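Following are the structures in question.
You will see two complexes here that share chain A, one where it goes with chain B and one where it goes with chain C.
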Partner chain A sequence: MSLLQVDDIHVYYDKIHALKGISVHVEEGEIVTLVGGNGAGKSTTLRAISGLLHPRDGAIRFEGKALGGLGAHDIAALGIRHVPEGRRVFGRLTIAENLDMGAFTRRDRRVAKDDREQMLALFPRLRERYRQLAGTLSGGEQQMLATARALMGKPRLLLMDEPSMGLAPMMVEQVFETMGRIKAEGVTILLVEQNAPMALGVADRGYVLESGQIVLEGAGRDLLGDERVQRAYLG
Partner chain B sequence: MTAVEHGRAGAALAWRRAALVGLGFGAGALHLAAVGVLLMLHQRWIVIDTLSLGQATVLLLAGGAGAMAARDADARLARGALAGLCATLPLALLSLAMDAVTLQPIFIVLTPDLQAMLTLGMPPLLAAPALLLVGVAAGLLGAALRAIPALSRALLPGAIAVLIAGVFQELIQLMLQQYEGPVGEARDFVYTWEGLTQQGAVTVFVVVTLIAQLAGRAARGRVAAMEPARRRQIWAGIALAAIVILPAAAGSYIGQVLMLVGLYILMGIGLNLEVGLAGLLDLGFVAFFAVGAYSTALLTADAPNALMHLSYWAAMPISVLLAVCVGVLFGLPVLGVRGDYLAVATMGLGEIVRVIVLSDFGAPLLGGAQGVLHIPKPQIGSYTLSSPVALFYLTLVAAAIAAFIAWRLENSRLGRAWMALRDDEDVAQALGINLVRSKLLAYGLGAAFAGLAGSIFATMLSSVYPSSFQLLISINVLALIIVGGMGSLPGVVLGSVVLIGLPELLREFGEYRYLFYGAVLVVMMRLRPEGLWPSDVRQRELHAGDETAALDAGADLLPARE
Partner chain C sequence: MSGAQLARSQPRISVGRVSPVDIVLWSLRILVLFVVFAGTIGAIVKDRYTAAQWFDFVMFGLTIGAIYAQIALGYTMVYGVLRLINFAHGDIVMCGAFAGYFVASPLDRSGFLTDHPVIGMAAILAVAVATSTGIALLTERIAYRPFRRVAGSGPLIAAIGVSFFLEQTFRGMFGSSVKSYPAPAWQRSTFEVWGFNVPRIDVLVIGLAIVFMAGLYLIVQRTKMGTAMRAVAEDAEAAALMGIDVNKVVVFTFVLGGAMAGIAGVFYAFVYKQVYFFMGFTPGIKAFGAAVLGGIGSIPGAMIGGVFLGLVESVGPSLFLDGLGIPAPYQLRDLIAFTLLIMVLIFRPNGIFGERMAKQRA
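This part shows the complex of A and B:
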């Protein structure tokens, strides 16, 4: 049984047919990436999985349990954490407080404190700035914080939306490097990226989306070598 | 440009700014004269036969201009004098103009009385320069007070005390009226019914100056050494003690005013949960107040349309509960609405409640425009809480409980959920926060406090009418939160005192007090947008670059790894 099974979902924004039957599966321990251009439906897919949008048709299953009809907070409680696009940290809270917000669904505060220590080990930059307001962090640091905050909820599946967007090249590399370490901690990742070469390089498998449909799928390396992908995204 | 030229240009700029500041204050004075405030203030003595409130206002404006112009390092006094001159210039020109042509047909308040005030009975050609001279002197004084701290420490406390004693003379006399003996004699020495006597003003000035000097010398070192937070706590303690003791000592009028302040504090605490913590801008808040008031009325009143005749103590919790229900119902239709749209939508909902109460449809139960009469006062044993002072203490207890609950909520899981929702709804949900439940709880709990206030309001007035539940109440509550400091409990108290208490105390100035109210709002938002007593988070937000603030605020800190 797959950890996440998305079956033929259709999402509409009013009359616009945004997702025209997307089917994706993610196995335990994998990094899976959705790549594609602007408006291909990558973020929409993630929002549908995390319950911020409700598909009109199709089914989403997490560990065999159907997610249809559940609210976003219920889905978060099941162990799916969404790191939305654009590094939305709580700017007027400190980094420590932001991390605490991530542990919101968990009532055992003592364990949460250990987890916080673990996050700081994973993202040493955050330790240096521990008591600073999140709004004063650089873009890359905010991305780290948003990721760490999501991990504080001990998710089984992490949904990451464009983590490299707007970051300096060195930061981008760092972001992808941490993804490997998150995977090593046993967290499965579904990654949405415009930076197809980086994403496909780190991913086990990938899907290529185009205007709401999946046009290609395969192992990350194979897609990277695929002529059509090369032409479309890698110039 | 050479350095010297630079300096010269800078100085010219500073002189121009001083003149502009003065003219700005002068325009204010001219405005006050043209709308009639100045003359009205002139008819009130601060010190009998010496200084009227109107004259004091002109002096204060000129002095204020002088103080504001004296902010640079050099030529402070001269710039202050210039600003003072410019501040009185418009009034001087006005007095000359009034002498030359009859302006009264256009500006009806430009009467001979005003002319007499501006000229002090002197011939106009002499009076105008005299007025300007007074302005120069006031500007000089203002600048000197700012430039020389020792001078302001020596003069300001006494001067402020005289001003307060003069402005609030009616009120203070009302308070002192109940006392005989030495207090009565002191009162007769300081006051007549018109205002402060000359000897009274001198006495107040000397006594307060002496006390300030002595207390200042004793406390200055220690206060300066104290942290700001600690200093604020002490001020809060003093204010609280004053609020608790004052009504008992000062009689029923003050009791009534403070009671109103207390009701607004209750509502402010409630709305603060919605707006300050959860970020839900609610302009229909008065609806919950109305529900609380009408519930209590219908459950207790000795009227034909009353449903029951419960005791007040039984009716109050039911009223609060009903307000909560209405709050949740209120929240349902606007769950997906945000920001400005939410303000308009809630305003509509609030009006619906008022219209229902006023309608013929609800009249058999709610009494229509006649309202519900004969609401009994609460009783404890055989004692009836009938006096405003007794009811004030009831309000005070209610407000204290409300403040405690709000304080606990702020630091609870729910409080954090609200804060997250306020900042970013999507992220909050993705972190596992239940949007619907948290929002409805914000509306419900906010409504509970307003319902409680309404319940006390009903028994205070012994009757409820639809006309008591205007949109203006919602706006007032919102304004007091903003002025006090969004999301801050002490801010709610301070905001209520400033925006509700002071206008009540200034009732003798009639409708003009709303002019002051408006001016206070505008000035506050310009000078202190974070409010009088901002919450910690809000303060951090406005000083985000200041890392030490964040360091101070970090509650539980992890030690950096070695």
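This part shows the complex of A and C:
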């Protein structure tokens, strides 16, 4: 059984047919990436999985359980955490409070405290600014916080939407390096990226999306070497 | 998108050309400044009021301001979480005042309120809080939640509808007459501090308002639900992705706002010593103005805005208007309050704390 099974979902924005039958599966322990141009439907797929959008057709299963009809907060409680595009940290809350909100669904306070220590060890920059408002952080630091906040919920599956967007090249390197460490901790990742070479380099498998459909799928390395992908995204 | 960003995207009037609107606005500013300065100088020169009278004005301003502040908190919290101006909030205050009346009245007649003032007041406040909170929750569930995803002015119209509904329901059930609120002797009495007579009811209202508002502030700042409320106010979608149930947070917000409204209703009735079905309208509108004055969405802003508005409308008539020789200035205190509101809406729509908020969001 796959950890996540997306079966032929169709999503509409009013009359616009945004996803025309997307099927994706993610196995435990993998990093899977969705790549493609603007408007291909990558973010829409993630938003459908986390319950921010409801597919008109098709089914999404997480650990075998159908997610249809569940609200975003219910899906988060099941162990899926979505780091949204643009990071969306709570700028008027402190870093400490942002991390607490990440652990909102958890009852075991003491364990959550240990996890917070672990997050601060993973991202030492956050410890330095622990009591500051998240709005004062740089883009790279906000990405760290958004990731740490999501991990505070002890997810089994992490959805990451454009984590490298708008970051300096050095920060981008760091984001992808962090992803490897998260995977080593046993968290499965579904990654959406415009930066196809980096994403395919780190991913076990990848899907290429074009106007709401999957046009190619395969191992990350194979896609990276594929002539069509090279032409379309790697210039 | 915040107001500041909207303002920036609008075309600017070119320098050197003054539109008639600008002239009117500038005249308004100059007129208000003239009234404030000339009036104050006039008042100082005339010296009509004694220190004790000024003390009374300030004391009453703080009392009524503390009540406005508590009501304003309900507006600002609901606006923060739902981006809805809850026009029925003043009527929730009225519901609390009425519920308190039905407890206070028999307790006063039996003499219980005189013999056991603390237990009596606690009972009155508890029933008022329960009623206001209950009605606030029903309002949210029945009238506001179905409109949550409706764009445009639907939710606002629903709020106005709820306001009329509550007013007319109470009118139908309890009549349109003004009922006098019981005022036991200890409430009317005063005690002396440094030669000034301090009314006990003022001290009670201010003291309890400080306690309740401090409690609310701690709940919002320190508890998990309070933090979740601030998170939802900033980004409801991101909060839902953390597993926060936005509906529960909205309910929590209405509980806090409703409880403050119930307390404020009892206080307001004790100060003016009467209840009637339309009594929530004026303090509601003023408290909404106080929330805008402080920067809508900001909790400290609502508290400070409320107290400031109370002080201005209490001290203002004697300070600004009496000095200009306007007769019976005290009857014009609503004029002062609403002029302040209009000035804020025209010249500083983000409020006192609004600008900082907009910057942080950007």
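Following the convention adopted for this analysis, the second predicted complex is superposed on the first by the 235 of 235 C-alpha atoms of A that agree within 3 Å, B and C clash if a C-alpha of one lies under 4 Å from a C-alpha of the other, contacts with A are read in each partner's own complex, and residues count from 1 in each chain.
The rule we apply is simple: a contact is a pair of C-beta atoms (placed from the backbone, for glycine too) under 8 Å apart; a residue touches a chain by one contact, two chains touch by 3 or more.
From a predicted model like this one, the values you see are computed outputs, not experimental measurements.
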Side-by-side fit of chain B and chain C on chain A, or clash: clash
Contacts of A:Ser2 with chain B and chain C, given as first, second, both or neither: neither
Partner chain in contact with A:Gln194 - chain B first, chain C second, else both or neither: neither
Which of chain B and chain C A:Gly135 touches, first, second, both or neither: both
Partner chain in contact with A:Leu120 - chain B first, chain C second, else both or neither: first
Of chain B and chain C, the chain that contacts the larger number of chain A residues: B
Residues on chain A lying within both footprints (that of chain B and that of chain C): 50-52, 71-73, 76-77, 81-82, 84, 88, 90-93, 100-102, 104-105, 133, 135, 149, 153
Contact footprint of chain B on chain A as seen in their complex: 50-52, 71-73, 76-77, 81-84, 88, 90-94, 96, 100-102, 104-105, 116-117, 120, 127-128, 130-133, 135-136, 149-150, 153
In the complex, chain A residues that touch chain C: 50-52, 71-73, 76-77, 81-82, 84, 88-93, 97, 100-102, 104-105, 133, 135, 149, 153
Partner chain A, residues of chain B touching it in the complex: 413, 416-417, 419-420, 423-424, 426-427, 429-436, 537-538, 540-541, 544-545, 547, 550-551, 553-558, 560-561
Complex interface listing, chain C residues touching chain A: 224, 227-228, 230-231, 234-235, 237-246, 357, 360-361
